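So the structure is just underneath, and the comments pick up after that.
Every chain is named by a letter (A, B, C, D, E and F) in the order it is written, and numbering of its residues begins at 1.
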Amino acid sequence: MKTAIFPGSFDPITKGHESIVKRAAPLFDKIIVAIGDNSSKNRLFDLEKRIEWIKKTFKNEPNIEVMTYKGLTVDFCKEQKANYILRGLRSAIDFEYEQPIAQMNKNLNHNVESFFLITDPEYSAISSTIVKEIHKHGGNISPFIPEGINLDK
Amino acid sequence: MKTAIFPGSFDPITKGHESIVKRAAPLFDKIIVAIGDNSSKNRLFDLEKRIEWIKKTFKNEPNIEVMTYKGLTVDFCKEQKANYILRGLRSAIDFEYEQPIAQMNKNLNHNVESFFLITDPEYSAISSTIVKEIHKHGGNISPFIPEGINLDK
Amino acid sequence: MKTAIFPGSFDPITKGHESIVKRAAPLFDKIIVAIGDNSSKNRLFDLEKRIEWIKKTFKNEPNIEVMTYKGLTVDFCKEQKANYILRGLRSAIDFEYEQPIAQMNKNLNHNVESFFLITDPEYSAISSTIVKEIHKHGGNISPFIPEGINLDK
Amino acid sequence: MKTAIFPGSFDPITKGHESIVKRAAPLFDKIIVAIGDNSSKNRLFDLEKRIEWIKKTFKNEPNIEVMTYKGLTVDFCKEQKANYILRGLRSAIDFEYEQPIAQMNKNLNHNVESFFLITDPEYSAISSTIVKEIHKHGGNISPFIPEGINLDK
Amino acid sequence: MKTAIFPGSFDPITKGHESIVKRAAPLFDKIIVAIGDNSSKNRLFDLEKRIEWIKKTFKNEPNIEVMTYKGLTVDFCKEQKANYILRGLRSAIDFEYEQPIAQMNKNLNHNVESFFLITDPEYSAISSTIVKEIHKHGGNISPFIPEGINLDK
Amino acid sequence: MKTAIFPGSFDPITKGHESIVKRAAPLFDKIIVAIGDNSSKNRLFDLEKRIEWIKKTFKNEPNIEVMTYKGLTVDFCKEQKANYILRGLRSAIDFEYEQPIAQMNKNLNHNVESFFLITDPEYSAISSTIVKEIHKHGGNISPFIPEGINLDK
């Protein structure tokens, strides 16, 4: 059973996240969208909301699950018998951020490999941070988040 | 059957290539190391030599094959019923080179997804180009190419 | 009437900002130096001071104005009938930061185009952040801010 | 009269070039698409073909012209009384390539400013080089070049 | 006497820091590992601990000292009659961060030159930030910090 | 005796090269400006001219010499009992180019360390390649090459 973890804070989930997971889905038996529940960081949206939106996004995808975890991603991988971490790369700066994390994760747990997809161009400008900023200032964020998600309720 | 193409010129194969393929091997049913036989580009080593060295490198890996191809990588993918392209990323500049290629390949053939592994640190400085340069000037390239390969015969 | 918005926090204005606006001035009928008044972010200098310094910097430039705004930059553009956003690029990392913002702004308001100038070399190391850091530690910041500006009063 | 030069080899013109010029057109009185006729570089397509395709692309844009030039771009600017150079930026690596050129051009002719637009995401993977590569191998390049252009005749 | 300052927060010291200082040691008469004691920034580890760990790391290196300083690094250089600043570069993003700092330091004090070493590959993924994150979540950080250092006491 | 090699093709030497060597000169007992005489690469200027111009540039610097070498830079270092390689970094892309070379050189000869200076901003746009391009098209390159050098004789 080939299981991948797709870790993040998903504050909120974007069309970029949705696209990466759906593109990778055929390659794995299971993908766990894993919300890192790091209490020390401020999130805009409640954990419950974030879980709900991810579930809604993938409700028609039987092999995609949502979970939360605390602690190191590689420890959560071991717990879930997942040998793969899945991540998207939008730009060179994303690469620079991901490279040391992937190398440290490999160092901490040699059984876990990180695989990357390059974001499709139409989603490469989307980040949770920019979406939140637009939302906070009253802009229309519906083109940037999965269909059917309403951040206001 | 999940088949990945690992395309390149492998002039010559390096420990970096070897590492990427071996790390990815558990995720795929078959990986085809595919030498792009582009007659217009000058290669230092004969195609025959390059094939032989790759075969030797993976002789104990039953699900890794070597093939050559002409034309577009995505057309070779279709021919081989391969839905995945595998590539390594050593640095931000590699990312910048690979990003448009991956996006164009997706555009040309929507059934093909490119997956990337980030090179392990000990191999991140190795490239066929640098290996050739060192070899040409009489330096010892054995730390940079797979064990058992001798570029001089 | 071709109006450009030059948005920023200008905390404080630097010679880099001054240079970008003056270089772009001949191309536009009006440039509005627009201070984003985002109450949630901590600024070192009062809004009043920041406005005063910008006014002083461009006091001899009849087509350069200073304004403050809240909310999205693209909404302020619409309000001011400005079809252009002007930004400076000092480095690849600036580009990586500006690219998704420009693309999102275009997406939010198709009538607004962002134009970029590359910072002149002598100003490429200057940022408000570094200027503040030097000022806080008692260093001489006068080479980095417009002539006639005194941050201490 | 505000005239911009959009210099390049346009071997061939792509949808990326077309998009940059059309987005910039409202800001300038005239944009000259200027083919650098550097005899020492090998081009795939004849100069005549390249001119014809650009003319066809902008046939409905009265303020966009096509010209060829030899020598330095800044000298051609002076000859055409153009105070602006227009360029597109697709990625950080484009920025790194354009930065020294823009700074040197400014140094050689202080009256010329280079303005940059960031490529729209849907065109950011397109380059003449990749288009040529795909064309050479028999791939379908029509999604990447302006409508109505046929590279084979 | 050729003295270099190796400034940082060392929160905590890593094998990456250790390697840079030891590689540079033969070139200088003295290297001062200088902890910037900036009270406004939150550090995870006490200043005393950080000093102790650095001393332990270099206890066999007679020409390497540990000091703390407040204020600008270039002012501390002057105070210590040090004409050199030493820094490590792990990646392009490190370069982008260090470039304006080095240029500003040169501007503030023309007698100080910053010299850079590129981090050895095996340490290029290590940063104090990642080490702290792993430590906080109960991971084993001993492969990433100098031998003999125990962060828990 | 602390000797550094400053390797390059110097086709031609620029003010950027001159600046790096002069800034580094106080740290070393001797700096050898070393022209890699790689017969397979096309150079615009004769080796004799290039040597002459470098000699002229540093004629008042007693500890700076000019030499030519064939083969690997690290082998030339050994021959000259030089434990240091000196290089300048203008940009992130320079870093990306230099990083694997420095790491490979260290791997080939553990006694050689590469030290880097970041180019002063006023020289960061200058490269031999751009200088040649401007020269070829009849532009004035005197601001970019050392004083007293005349490329035409």
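Just so we're on the same page, a residue touches a chain if its C-beta (ideal position, glycine included) is under 8 Å from a C-beta of that chain, and two chains touch if they have at least 3 such contacts.
Bear in mind the structure is a predicted one, so any value in this text is a computation, not a measurement.
Colleague: What is the set of chains touching both chain A and chain B?
Modeller: Under the touch definition, chain A and chain B have D, E as mutual neighbours.
Colleague: Note the shortest touch-path length, in steps, from chain C to chain E.
Modeller: 1
Colleague: What is the chain whose Cα centroid lies farthest from the Cα centroid of chain E?
Modeller: The most remote chain is D.
Colleague: At the chain D/chain F interface, shared numbers over all numbers used: above half (same) or below half (different)?
Modeller: different
Colleague: Which chain's centre, taken as the mean of its Cα atoms, is farthest from the centre of chain B?
Modeller: Of all chains, C has its centre farthest from that of chain B.
Colleague: From the mean C-alpha coordinate of chain B to that of chain E, what's the distance rounded to whole Å?
Modeller: For chain B versus chain E, the centre distance works out to 38 Å.
Colleague: Using Cα averages as centroids, what's the distance between chain A and chain E in whole Å?
Modeller: Roughly 34 Å, centre to centre.
Colleague: Please output the residue numbers of chain C that touch at least 2 other chains, ranges allowed.
Modeller: 91-93, 96, 99, 103, 121, 124-125
Colleague: Going by the touch definition at the top, which pairs of chains touch each other?
Modeller: Result of the pairwise touch check is A-B, A-C, A-D, A-E, B-D, B-E, B-F, C-D, C-E, C-F, D-F, E-F.
Colleague: In the complex, go through chain B and note every residue touching chain D.
Modeller: Residues in contact with chain D: 70-72, 74-75, 92-93, 96-97, 99-101, 103-104, 107-108.
Colleague: Enumerate the contact residues on chain C facing chain E in the complex.
Modeller: Result: residues 90-93, 124-127, 130, 134, 137-140, 143-144 of chain C touch chain E.
Colleague: In their complex, what parts of chain E are in touch with chain F?
Modeller: Within the complex, chain E touches chain F at residues 2, 23-24, 26-27, 83-84, 89, 91-93, 95-96, 98-99, 102-103, 106, 113-118, 120-121.
Colleague: Help me check something: in the complex, which residues belonging to chain C touch chain F?
Modeller: 91-93, 121-122, 124-125
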